[in-house]
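Here come two complexes built around subunit A, the first alongside subunit B, the second alongside subunit C.
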Partner chain A sequence: MYSFKSIVLIALICTSLCISSQSSDEPQARLLVSKQVLNKLLVQDSDILVKYTIYNVGSVPAINVILQDSGFPDEAFATVKGNLNIQFTRIPVGANVTHAVVIKPLTYGRFNFSAAVVQYKSSENSVEPQLAISSEPGEGYIISYAEYDKKFSPHLLDWFAFAIMSLPAVVAPFVMWWISKSKYELILKQKREKVSKD
Partner chain B sequence: MKLKWMLLCLSLFAAVIGVVRAQDDIDVDEEMIVSEDQVMIETDGDEPNIEEVEPTDADTYLLFTKPVFEEKASIELPAGRLSEFLVGFTNKGSEDLVLETLDASLRYPMDFNFHIQNFSTITIDKTIPPGSQATLGYAFIPADAFAGRPFGLSINLAYRDNEGKQVISKLYNDTVNIIEVEEGLDGETLFLYLLMAAACVLLLVGGQQFLYSVGKKRVGGGLPSRARSNLETGTKSSKQIDMDWVPKNVINHLNKQKAQSPKQKRAKKIE
Partner chain C sequence: MKMMTRHSCVLVFTLSLYALMSTASASCKYSVDSYTTTDAMVVTEAAFIAQVSAECEDSPANLYAEVEGKLVVAANAGPNKYQVSWLDDFKKARRGDYLVNLYDESGYGQLRKLLRDGESISGVTPVHSAYVRYPGAYKGVWVNSEFLAAIVSFVLLYVAYTFKSKIVS
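== the complex of A and B ==
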């Protein structure tokens, strides 16, 4: 009886070992993280929309996904809306999560939009978090507000000045015409009065 | 009884091991078939040699995000529109891998060496530590002219290991369909309709003119006498002109000018 039990135990241990050696093939979550800057024009002191999309293309849900973006230093950017560090407790298989942040550049010049960092547990049993970096939007040029204004402002003041400058050329002929018209009308009026008196 | 149990357990154990082994074999076979990785080795000549190598430490994944396809569905890309895909890269080895470039191109489907359209090669230059993952984004626009035809799409990712050995991983190398985007109303059709409407209006006007002239010929046969007497003659007869509205000084001035018109002056001089 004792020997039988021990043999079964050994057999079980062996099988479990065999299976555990297969652990590298165990189903894992796999995240693809894209970071996109949605603005076509980057302007100083104007909002920039940054979109993060996380796709889970693995075979099990990703757990405790932490997205951190330290690519926007405080001295150069202000966060208008949203959070640059965010956590998702669970991203199911085949699902995607979108996160958007609105930031505002405080200065102008070239800026390299670098990758965000993502940490997640690739399966329930995994101990160490899986590190991943997102895609990079790349280098962009943030133009100054003055430059932007020069290109896209409605130029209201300029048009007002133009209107004032062109006023004499329009008003002078009109005044001359008005004077002569009123002269003739006065004569006609006098004549009519004469006729009615008669 | 004991013996039977023991035999059963042993056979079960053997079976489990056998199954596991078999799975291993299949996995290895699949990897051998799937891996299309190639290594570029710099030689003395300008042309680099491309050699087949065993699977590397990298694991890649390709996902089209725009347009979206179901898994294993045939890829159809809209011509003239932005297409985007993400590339997942995992360093499974124990040494750093450096991502170098990512490029895509459309090839002639019969001969993949024949390039139809090259898309820009992006330089990544990023070190991926062991066990870490990275995502790369790529966007391209297939040319409008290629709509409605199949093309070979080739996506290549180049990376190198610590020893400087460069590996080009073919992420995608298959035929895709470039489809034409059906638009509700584009400029071409709009102007065609506009031209047709203008032609219709022109026809109507022409028809009206023709009918009018035909009708007039039949009924009148020339201008009636009453119409001739009512013809506008302008200010030929100066008696009908009402000069009351003109101020007196202007009339006097006019009369004076008439009296001293240059023709009369000349006539007087001749006399």
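== the complex of A and C ==
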């Protein structure tokens, strides 16, 4: 329903807004950060899987990488498992680090999934922390649990109710036929007994 | 002879001291709390999340995990708290228990060296091991309920029709 992957891919290209203040000739760590929502559907009270990928495309390891995502307000989301604020001591050159968090929305409606912020030291002797912003998964619509249930549940109870409701229409003629049949058979039996007595 | 015994005494003492020290450094008590995503109707990938908390004075600065030959760097999630997470395809993910071996910095160094040389990693003892259970994914109902209801009604119709033709003949 919500193709987050395409949005993410586009966002990944324009990701890592590294606001560099240092000279470019010094070897630096550069981080590409992507934030993805790996869901087919966004459903109230169901899991939403958020994946963060940090990739170091620079020439030196990134040190003290702090990832913070404050895009999920407490009144609208509960964390099922995982931490939204984490730290990696070191991300080597060319290394890919993934982090996953499972959250669940408490309400339904439109929600804008915003970017996470990453702070790191781009080289061993850099003083100022480097800031990077992850890709934005974008806007998505969280459907209510009732709506989801209506579409995707097996509806067993509904069909059972339907079967019970349609039962009289099937059983009533059968019972009537059965009564008349047994009555007729009784008469036939009595007649036969009479014949045999005579 | 006396000298020898003294030497061996010293040796035994240092050995026991070393053993004590190694147990002291490995005295951290770890507990693992895990979660896996199982609703394939909603989520597209199976996520394995293990939250590790350590109970000791000087917990390791970094923690590393090894799961089925894969190395995962644990994220630091506050003092004495770590998180190990990895993702897998719903089709590829095996149902059952996944053994997660946790290593500190020195263990991880040895592990990487052994893996690089293509040797067995069973010699390196992890600081803690835990299982993450993945019960398998829910991919929806086997048979559509509408389909099942249609089949049931057709069977009923067939039974009634054959019964009727039997009576009539």
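Simple rule for what comes next: the second predicted complex is superposed on the first by the 143 of 198 C-alpha atoms of A that agree within 3 Å, B and C clash if a C-alpha of one lies under 4 Å from a C-alpha of the other, contacts with A are read in each partner's own complex, and residues count from 1 in each chain.
The working rule: contacts are C-beta pairs under 8 Å (C-beta built on N, C-alpha and C of every residue); 3 or more make two chains touch, one makes a residue touch a chain.
Computed from a predicted model, the values in this text were never measured in an experiment.
A.B. asks: Applying the touch criterion given at the start, work out whether A:Ser196 contacts subunit B, subunit C, both or neither, answering first, second, both or neither.
C.D. replies: neither
A.B. asks: Does subunit B (first) or subunit C (second) touch A:Ser180, or do both, or does neither?
C.D. replies: After superposing on A, A:Ser180 lies clear of both subunit B and subunit C.
A.B. asks: First (subunit B), second (subunit C), both or neither: which does A:Arg30 touch?
C.D. replies: A:Arg30 sits against subunit B, while subunit C stays out of touch.
A.B. asks: Applying the document's definition of touch, where does A:Lys40 land relative to subunit B and subunit C: first, second, both, or neither?
C.D. replies: Second partner only.
A.B. asks: In the overlaid three-chain picture, which partner chain does A:Tyr55 touch, first (subunit B) or second (subunit C), both, or neither?
C.D. replies: After superposing on A, A:Tyr55 lies in contact with subunit B but is clear of subunit C.
A.B. asks: For A:Asn125, select first, second, both or neither according to whether it touches subunit B, subunit C, the two together, or no partner.
C.D. replies: Neither partner.
A.B. asks: Taking the complex as given, what residues does subunit C use to touch subunit A?
C.D. replies: By the definition above, subunit C touches subunit A via 33-35, 37, 39, 41-45, 47-49, 51, 61-62, 73, 75-78, 81, 83, 85-87, 140-141, 145, 148-149, 152, 156.
A.B. asks: Inside the complex, what are the residues of subunit A that reach subunit B?
C.D. replies: Of all residues in subunit A, those touching subunit B are 1, 4, 7-8, 11, 14-15, 18-19, 22, 25, 30-36, 53, 55, 57, 115, 130-137, 183-184, 187-188, 191.
A.B. asks: Could you list, by residue number, the parts of subunit B that touch subunit A in their complex?
C.D. replies: Result: residues 2, 5-6, 9-10, 12-13, 16-17, 20, 23, 27, 61, 63, 65, 86, 88, 90, 124, 126, 129, 131-137, 244-245, 247 of subunit B touch subunit A.
A.B. asks: In the complex, go through subunit A and note every residue touching subunit C.
C.D. replies: Result: residues 38-41, 43, 46-49, 51, 67, 80-83, 85-90, 97-102, 152, 154-156, 158-159, 162-163, 170 of subunit A touch subunit C.
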